[in-house]
Amino acid sequence: MKSSDWKVISAAKEAGIPDPGFEIDKNTAIVITDPQNDFLREDGVAWPIVKESVKENNTIENMSTVFRLAREKGMKIFISPHYFFPTDKEWKFGGALEKFMHSKEMYKRKGRLDMEGFEGSGADFLEEFKQYLEGENIILCNPHKLYSPKNTDLSLQLRKYRIEKVLMAGMSTNLCVESHTRNLLEEGFEVAVIADASGSAKLPGLDTFQGALMNLRMITSHVFTTEEFEEALNSASLK
Amino acid sequence: MKSSDWKVISAAKEAGIPDPGFEIDKNTAIVITDPQNDFLREDGVAWPIVKESVKENNTIENMSTVFRLAREKGMKIFISPHYFFPTDKEWKFGGALEKFMHSKEMYKRKGRLDMEGFEGSGADFLEEFKQYLEGENIILCNPHKLYSPKNTDLSLQLRKYRIEKVLMAGMSTNLCVESHTRNLLEEGFEVAVIADASGSAKLPGLDTFQGALMNLRMITSHVFTTEEFEEALNSASLK
Amino acid sequence: MKSSDWKVISAAKEAGIPDPGFEIDKNTAIVITDPQNDFLREDGVAWPIVKESVKENNTIENMSTVFRLAREKGMKIFISPHYFFPTDKEWKFGGALEKFMHSKEMYKRKGRLDMEGFEGSGADFLEEFKQYLEGENIILCNPHKLYSPKNTDLSLQLRKYRIEKVLMAGMSTNLCVESHTRNLLEEGFEVAVIADASGSAKLPGLDTFQGALMNLRMITSHVFTTEEFEEALNSASLK
Amino acid sequence: MKSSDWKVISAAKEAGIPDPGFEIDKNTAIVITDPQNDFLREDGVAWPIVKESVKENNTIENMSTVFRLAREKGMKIFISPHYFFPTDKEWKFGGALEKFMHSKEMYKRKGRLDMEGFEGSGADFLEEFKQYLEGENIILCNPHKLYSPKNTDLSLQLRKYRIEKVLMAGMSTNLCVESHTRNLLEEGFEVAVIADASGSAKLPGLDTFQGALMNLRMITSHVFTTEEFEEALNSASLK
């Protein structure tokens, strides 16, 4: 993570914003949004706008580390993917990024009951992550349609496993990671973020990663780096 | 609004992010979050951290203009207030700003069925707005508890009046305005924002207004200034 | 409870419908809907249609027992009340019972910030319950508007106290108790019902209590009588 | 529909319960739950418990009529299916019918991204309906997990097509049809039911169809038969 990004975190501390902390325990799980090719592979539809942040944060390696550590410790990971289906193109209205995603056919799938052409497509998971996605600790949820899990089964799935605390990671920081965070807080989960296992759009005059980091620092219980997460996990009691 | 803030909007345009536009019609309403003393009066608990933004944006005057225009045109305004009750202090966990708000007793009320001490308190509405809040176009909703309307009756109230499109304004931009926006989008409303009828924390190294503006530009259908809103309203067909 | 009502429970057993059971523990709370005069006092608006069931079930005495036991054991009770405000009368549509409630001005209050005329009104709590409602174990939630807690802060309040299991009671069984039950199940709570601490409309050819009992037996983890609840509570470990 | 079932409707009328009515217009759609083999085919897991009601109501023929009429008129049908995935078996708790469904492997699918073995399985759509399910008027939603659309994208999908009014049909009346109805009402939709295009469990001493009919009559705007729906549709203005 660029030191200028991390300055947001120290600025919050200096400004006296509380940092409640987040203790990892047996009722803690990880939620990962959009670990998909359209964000993270060089030919992905959104790669051009997120690549700077993904490289600065070392996002792919950090997400892989999170996947690996969770599997080693038996910690559950809930995947919240993003898919668009042909009927979604007929929606009668949408915000700016919805228009962008639809025009680019981002995360496109042929149908909800049709997997043809999925493998290796922009909607598929990044190849590097697939070794982890078959694990017994992985729960794949219903796809979200805009940015939040409000229209998915994520929170029910978490509760059915008695999960009370969530660590957020994935793509992209100011959209799906932040909307998931905001929604899970309102659903009564305790939430922290692994900031550099995430990344988001950086365009001239628009550093959305830094904007997201401010918000996440203010609303969550703690912002981790992947390194800090590893330390916290290693000293956690998961029994 | 400071020109450096508005640069975010032009940067988004230059980066090719679509600007879908937002047509005001008879099914459009305004939602205002937290028009309360603890944000907007000089002795308010959060005034020290938002005052810079509130002054730069001319927030209070712009909110008054929005209230006045809506009343003149018969457009509904739904108020989503923020109140804390004594039992809320016993919550077992919370994020950073929750800790801040609880420690400052922000928006404190004596009880849900007890109005003693409310008038003129930090939880009460700003005096400047009260002339508008008695209007027939005002619907006061259940209070939110964190930042979003997920735990209130706002979206039901909107639907019961056949509202499909929402203009957001109020305090504070990156917290309640943004969480309301994100939630209303997921509930299937068409959403725009009146950016300078809002304001949020500015602390050294933490310009949350600019961060919010980026997000709002990306997820809503349009970001208005109060002046643009007035023009759009005057040319709108509300029949 | 009439034996013919209880036959529904034994019929479900004979039909082989599982009865998962419900263990009361320290993360268990009670949720009570609409313990209000308009249902339970002889001049209440809905009294004529629920009185038969309330008498058969001994509802008021059983609800008092539930209140008393919870206070003795320090178990939290979350109250989900029903209030209508003047602006609600302008809603543009509504289902059958909404029309009924609005026409009768059931649970009417003068305003969200106006307690004038509340005390002793149809919207107020039944006098018998007031001695319990001041207790430290009572959390009063935002009012629901139709039947479910979807538009209230109930589930957030429960989670903020780390409640995972809920015992439902209150009025009326097939409307608010059942809609609360259905909603809380989808929010990932474990739910049981104290059936005879509840009651509902009985009209010629319309025994809604029996209908509700079938549904509640099928969707919850267990249906208790107040007597069974007392036994279960007395043998529970609440540490 | 058996005349004894329909008596519930006339009893409600005689008891003076309002019948607000439901006008079909261009913003009206149909929602159908669980049109799947496990309910409706003779070897389906739940067939033994619903077959009596399905035969009495002529459910399959009536659902086919609803599908056909909607296609002829270009009215949208939103399908809310029920699927269970292998990870769902590890849920740590559940109510009575959840236990039943899991033990029977009802609606079982191999995985969210794995269609192997789906065709013709208990989770697949009834063969009679497939001719309609390919139509351009059909939107297939995320699967629900218990009974309500709370954990799906149904309400977002409806709103994205500007749907404000919903006609419910499908399986089973007191579980998914009723929980969908209750949830959609709280989301601010105007809801009616086509009662005999639905059916539900009838076991000795447990007539869940009649119980559901009482509740649906009380909370919706109108209860149609398929015949009445056809008449209403034919005289509706859909422009």
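Going by the order they are written in, the chains are A, B, C and D; count residues from 1 in each one.
Following the convention adopted for this analysis, contacts are C-beta pairs under 8 Å (C-beta built on N, C-alpha and C of every residue); 3 or more make two chains touch, one makes a residue touch a chain.
Molecules present, by chain and UniProt name: A, B, C, D = Isochorismatase hydrolase.
This structure is a prediction, so every number in the text was calculated from the model and none was measured.
Engineer: If you tally contacting C-beta pairs, which comes out ahead, A-B or B-C? Let me know.
Structural biologist: The greater number of contacts lies at A-B.
Engineer: Using mean Cα positions as chain centres, tell me which chain lies farthest from chain C (Isochorismatase hydrolase).
Structural biologist: If we average the C-alpha coordinates per chain, A ends up farthest from chain C (Isochorismatase hydrolase).
Engineer: CA centre of chain B (Isochorismatase hydrolase) versus CA centre of chain D (Isochorismatase hydrolase): separation in Å?
Structural biologist: Between these chains, centre-to-centre, one finds 38 Å.
Engineer: Compute the distance, rounded to whole Å, between the mean C-alpha positions of chain A (Isochorismatase hydrolase) and chain D (Isochorismatase hydrolase).
Structural biologist: 34
Engineer: Could you tell me the distance, in whole angstrom, between the mean C-alpha positions of chain B (Isochorismatase hydrolase) and chain C (Isochorismatase hydrolase)?
Structural biologist: Taking the mean C-alpha position of each chain, the two centres sit 34 Å apart.
Engineer: Rounded to the nearest whole Å, what is the centre-to-centre distance of chain A (Isochorismatase hydrolase) and chain B (Isochorismatase hydrolase), using the mean of the C-alpha atoms as each centre?
Structural biologist: Taking the mean C-alpha position of each chain, the two centres sit 27 Å apart.
Engineer: Give the residues of chain B (Isochorismatase hydrolase) that touch two or more other chains, as numbers and ranges in rising order.
Structural biologist: 93-94, 146, 150-151, 155-156, 160, 162, 186-187
Engineer: Which bits of chain C (Isochorismatase hydrolase) are touching chain B (Isochorismatase hydrolase) when the two form their complex?
Structural biologist: Answer in residue numbers: 85, 87-88, 90-94, 111-115, 118, 138-140, 142-143, 145-146, 150-153, 155-157, 160-162.
Engineer: In their shared complex, at which residues does chain D (Isochorismatase hydrolase) touch chain C (Isochorismatase hydrolase)?
Structural biologist: The contact residues of chain D (Isochorismatase hydrolase) facing chain C (Isochorismatase hydrolase) are 7-8, 10-12, 14-15, 17-20, 49, 93-97, 99-100, 103, 146-148, 150-151, 174-175, 178-179, 182-183, 185-187, 190-191, 201, 203-208, 210-212, 214-215, 217-221.
Engineer: Which residues of chain A (Isochorismatase hydrolase) touch chain C (Isochorismatase hydrolase) in their complex?
Structural biologist: 155-156, 158-160, 162, 164, 186-189
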